[in-house]
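Shared between the two complexes below is subunit A, which has subunit B as its partner in the first and subunit C in the second.
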Partner chain A sequence: MNAVKVDKVAKTPQQGGLRQAMAWLHTWSGLWISWLLFAIFMTGTLAVFDDPIGHWMTPEHALEEAAHANDPPLPKVTDRGHRLELALDFMAKEHPKADMWEIWPVQRPGHGLSAYWFQPSGGYGSADLDPLTGAVVEHAREATERETIGGHHFVDFHYELHAGRIGVWIVGITTMIMLVALVSGVITHKRIFKDFFTFRPAKGQRSWLDAHNAVAVLTLPFQFMIAYTGLAFFSDDYVPAPVVAQYGMENGKRAFLADWNDAGKPERSGQPLAIPALESFAQRAEQAIGQEIRAVVLDNPNDASMRVCMYGWNEDTELLTRLSANTGRACYALATGEQTALRLPGKSDTGGAGLTRTVMSNLHMVGFGGTPMRWLYFFCGLAGTAMMGTGAILFMVKRRQRSGGEFGAYTQRVYRVIECLNVAAIAGLAIACVGFLWANRLIPVGIEQRAGWEVRAFFGVWFVMLVHACLRAEKRAWIEQLCLLAALCLLLPVLNVLTTGDSLVAQIARGDWESAGVELCSMAFGLLAAWGAWKVHKRKEKAARKAAGKESQAPSASLQVTTEGQS
Partner chain B sequence: MMKSANMMLFSRVLAAIFGGYALTSGVAVLLSAVLPLSRAEAVLTATLSAFIVYTGAVIWVFAVQDLRRAWIGMLLPAILCGGIGMLLSRGAA
Partner chain C sequence: MINTILCALGLSYAGMASLSLAMDRHHGQVWGRDAAPNVRRALQLAGAILLALAIWPCVAGWSATVGVVAWLGFLSAGALLVALLLPYAPKVLFRSSLLAAVAALAGLVTFLQ
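Right, the complex of A and B next:
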């Protein structure tokens, strides 16, 4: 530390003052997560429209739906009592030992009569029943049906990278670093609102910085919200200490969850009791909560402690005005017929903390506000994606002009790796995403594990793009990948015509805006990519690499920090 | 000189990641013990608040000059909060 006084150079970012320290933190925490975060944000943004994407990816279903578009709507169930009886008979015969039976008797598009249960061995079982006879309906997939996970691919990837628990942790750690990068970025930019109104186009590094600041500041509240609510989903996994402290090491987690999920669940008494007709309870519950009944959950069937809980169904119009997605719920002790619990729609039966988490997850998943809110999330998500992308590019644009020499003798090699990762993470991932849609049309219908092959195609394309980015010079890599992206996006409607015979014009003509929206968005992204490729093509190289070798010798250069944001 | 500067930076990063996580856990344990809520709600509130603590802790570690202060600033309150929290915990800890 004494040496600092001798050569009068800030040895650590901390000695350059708070803003210097925060600029360092922002640059480096941001850089190392920007690629992964870009991927999480981009797929998360697409996940906003997972249903329309899934709709586009099941064209046979979409066409069949269109054929029945003018049919009168399916009649509402009037024989719910009978359906409940059928499902209870099925459960009594097939799963008498299960300590929870759940029945869905409501007829909505896509819903018939379903039964679910907890296996005594653990695990969740389900069966679809014929609503008239109660017989099990086997879902043999038709040979023409396209097996796909559809838009859920983007949902799954953005929160677990298709890697299960490990993926959840990686995404959580990345998101946590994002919070740090956001806060340090805000501290770095003292003129945060001035930055927002500043854009100096065609000025190289300056323009990238301005763009980075503009999209970040514009959508800052959204970025904080989406990061924090994303962490909230698994908060007790990420920070298990309080669970362990309050519930003990062994089975602490299970006891904690039981406090939420099984609140008021009765203990089995051992005294037998016949199951009464449940329809009258369903009607009482509908009166009490003011919603149509969706699910009927029976705890400890055939035991004197038997309890039934009736869950309501949120109408779309309700969720336009409500942030909590909780449905209504009413529970009855069947031995006495007494109402033991009541939750009105939107309210919580687990107190303020439980309601907070419900609202947080609904905020994250845009389960409110309908289609306009989805578009708002889509554009904010794109802005966030652009924030990561411009940030990662900015790092290299800055160092292309003047090396920071941060890694001593390895600096140029590390920069090269960063260049490759930039291309593969930004253009390469976008190609993988649209490649996923191409795979959906190109992989033959009816092959084994088809849905898995679509996901493998996504990762495969991404990997090929990484290899390509490493083999080509940076500028060429950018141009080639952006051109490929533009071609794939612009030709997606053509591919659809060639493979299914369904065209954009036909989609619009029959009012199928979900499919048309996917293709129109794809074409918009294609034009954007083409414009990007053109810009890169026109870019003049400012070769300042030569100086880099010398600079890396100087110790002060190793601690160069990015402070341009303040100026 | 380079080496020691790098080592100090490395130490600071460790203080931010692991010291910050220890502090976060300590504060969360304390919160879950003292919040005037039911046990389940207090625990959930503590875990939901943890990310504010963690973010603030990391920012602070990089803001202070003295590296030793950064480490002490993480570990001392982590031990204090965690210890008091454990003593006050209502469950089978």
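Right, the complex of A and C next:
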């Protein structure tokens, strides 16, 4: 990369030192990934609130919840030993061959008694049981319940673009380039401390540069952290050599993950052993880890090597104070009754390196600190999104005034493509995101593969916006798409009233701030889009004025140097 | 929790405002002239102290580990607010940061226990 960079710089008119080289690198590495990175950042920012968005997208569920909001809390489970027996009976009867039985015997929202197992054919099986009788509870999906991927759409899109492993790799490479752009951007920005707080609005290119610098510099710790932890998240994909060296090529990753998730899993011995009552072990584990037991995992049932592991629940208040989301865990060899492993909540049973890995991924997912931390991440994420957007726009604003002629005879055509991509990637994506919420309400409930159609609507709207951006003149495209975005965002609460009868007022009245928050945020973004459309509309007269007095308004020499150095 | 947030945000905002007003360009935006050297020194010192103090509510409200992450986030939030207010309402920035400093410092008392 170094050789290429120096080579290219030598061909550009502005020759010179490291800073110019970095400016070139920043401009071109930044530009080509800015559209994709904008999409990753925007959806990643929305993913911070995937649960509230999912809550809004399942209105039947939200209303049902609201109806039971004033019910007394479910009593604490006192018959856990009995529930464990029921689940063990069920497993012994239905899945005696499974290597692993997992039982959730505790009363929490959505759980009463559940059983999970590894199927001999591979994969994970599950069943919900009646906590009183142990009978299987059949979940016939009600016709009124809408099938949706919910807020997870934004999570999935931002790390794999709904494209599986290839998507993970594309996002990873993009993130690497983002780190290159961040470092080169910092080196390029020679007045980083002098311009720390500088934002000069309504000055065209100058303002775009200021905005780009301000959001990037002021949130720099967050931008580095989120890009770095995002890469660290998939370290065993992106940097597989250590795992291959330790575990070999064949099934190396599977062996690594097995060790990672559960070191010391016993081998089957072939000697039979009856399953003892597990409740006493659950009580011992609760004493040892100081958390209520969530899951009881039984390895090699009915074998002498049988081991039971008890996992705790993380209470919300616990996650306020620690970066690691690991729960407590205590394991017992059932042949001897001896405790074989103990992990306290927040600690790791794979040592310092393991804890680091857990903390890295939790830092990325903001699984700590509660709602205030989520809002901090949301605003820093918006700043990052703005960094990509302003960067991409700045490129064109600069070249609208004076073409760089980088592509010879094709320069104007390439610029036109960049213009289209700017509109489609920024305004178009935002429309696709709110369009996804509209699709949730407009697609008929009960059609086949409904969740898939919502995602298809997202991509469909985005594609239509790309086509629209290519067909219309740049300024018209911006205005039209921003107006559409404003309308869709501002009318989202109206759509909700018309389709579900649930209004913003009602949501606030019953204290459903998750649903209300989605609609209030949507309206805030709608106002922002309307303001943007109005600003672009006003730009018309300004551009004309500028053309008239172009010569007299030539930027001062020093300004020229800084902008030159910048982009 | 709301106390923690307001305190941390107030201190980072006031600290960043103080640091910005120590710079000639922004001092000029509010008062129309450059800062005298000792005023500049005082503003820088006040800014640094306020930003450092903002760690306190974060660590008290969350923990040493989560608090540091929160603190960095609040620093960014405070700085963004300052950068946005400076060109549009410099006087408001000065007055509100003064108010924020006083209120947040008073709020710190609640973390003494």
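Keep this in mind: the second predicted complex is superposed on the first by the 524 of 567 C-alpha atoms of A that agree within 3 Å, B and C clash if a C-alpha of one lies under 4 Å from a C-alpha of the other, contacts with A are read in each partner's own complex, and residues count from 1 in each chain.
The rule we apply is simple: a contact is a pair of C-beta atoms (placed from the backbone, for glycine too) under 8 Å apart; a residue touches a chain by one contact, two chains touch by 3 or more.
Nothing here was measured: the structure is a model prediction, and the numbers come from that model.
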After aligning the two structures on subunit A, examine subunit B and subunit C and state clash or fit. fit
Once the shared chain is lined up, is A:322 touching subunit B (first), subunit C (second), both, or neither of them? second
Which holds for A:218: it touches subunit B only (first), subunit C only (second), both, or neither? second
Go through the superposed model and pick first if A:401 touches only subunit B, second if only subunit C, both, or neither. neither
Nearest 10 degrees is fine: what angle do the Cα centroids of subunit B and subunit C make about that of subunit A? 90
Using the superposition on chain A described above, determine whether A:412 touches subunit B (first), subunit C (second), both, or neither. neither
Contacts for A:376 in the overlay, against subunit B (first) and subunit C (second): which applies, first, second, both or neither? second
Between subunit B and subunit C, pick out the one touching the greater number of residues of subunit A. B
Give one of first, second, both or neither to describe whether A:239 is in contact with subunit B, with subunit C, with both, or with none. first
Once both structures are superposed, the least CA distance from subunit B to subunit C in Å comes to 20
Residues of subunit A that sit at the subunit B interface in one complex and at the subunit C interface in the other, please. none
Would you tell me which residues of subunit A are touching subunit C in their complex? 194, 196-201, 214-215, 218-219, 221-222, 320-323, 363, 368-370, 372-373, 376-377, 379-380, 383
Please give the residue numbers of subunit C that touch subunit A in the complex, ascending. 1, 4-5, 16, 19-20, 23, 25-26, 62-63, 65-66, 69-70, 72-77, 79-80, 82-84, 86-88
Residue numbers on subunit A that touch subunit B, as the complex places them: 3, 11-15, 18, 21-22, 24-25, 176, 179-180, 183-184, 187, 228, 231-232, 235-236, 238-239, 241-248, 252, 256, 259-260, 350-354, 356-357, 360, 408, 555, 558-559
Subunit A partner, complex, touching residues on subunit B are 1-2, 5, 8-9, 12, 24-26, 28-29, 31-33, 37-48, 50-51, 54-55, 58-59, 62-65, 82, 85-86, 89-93
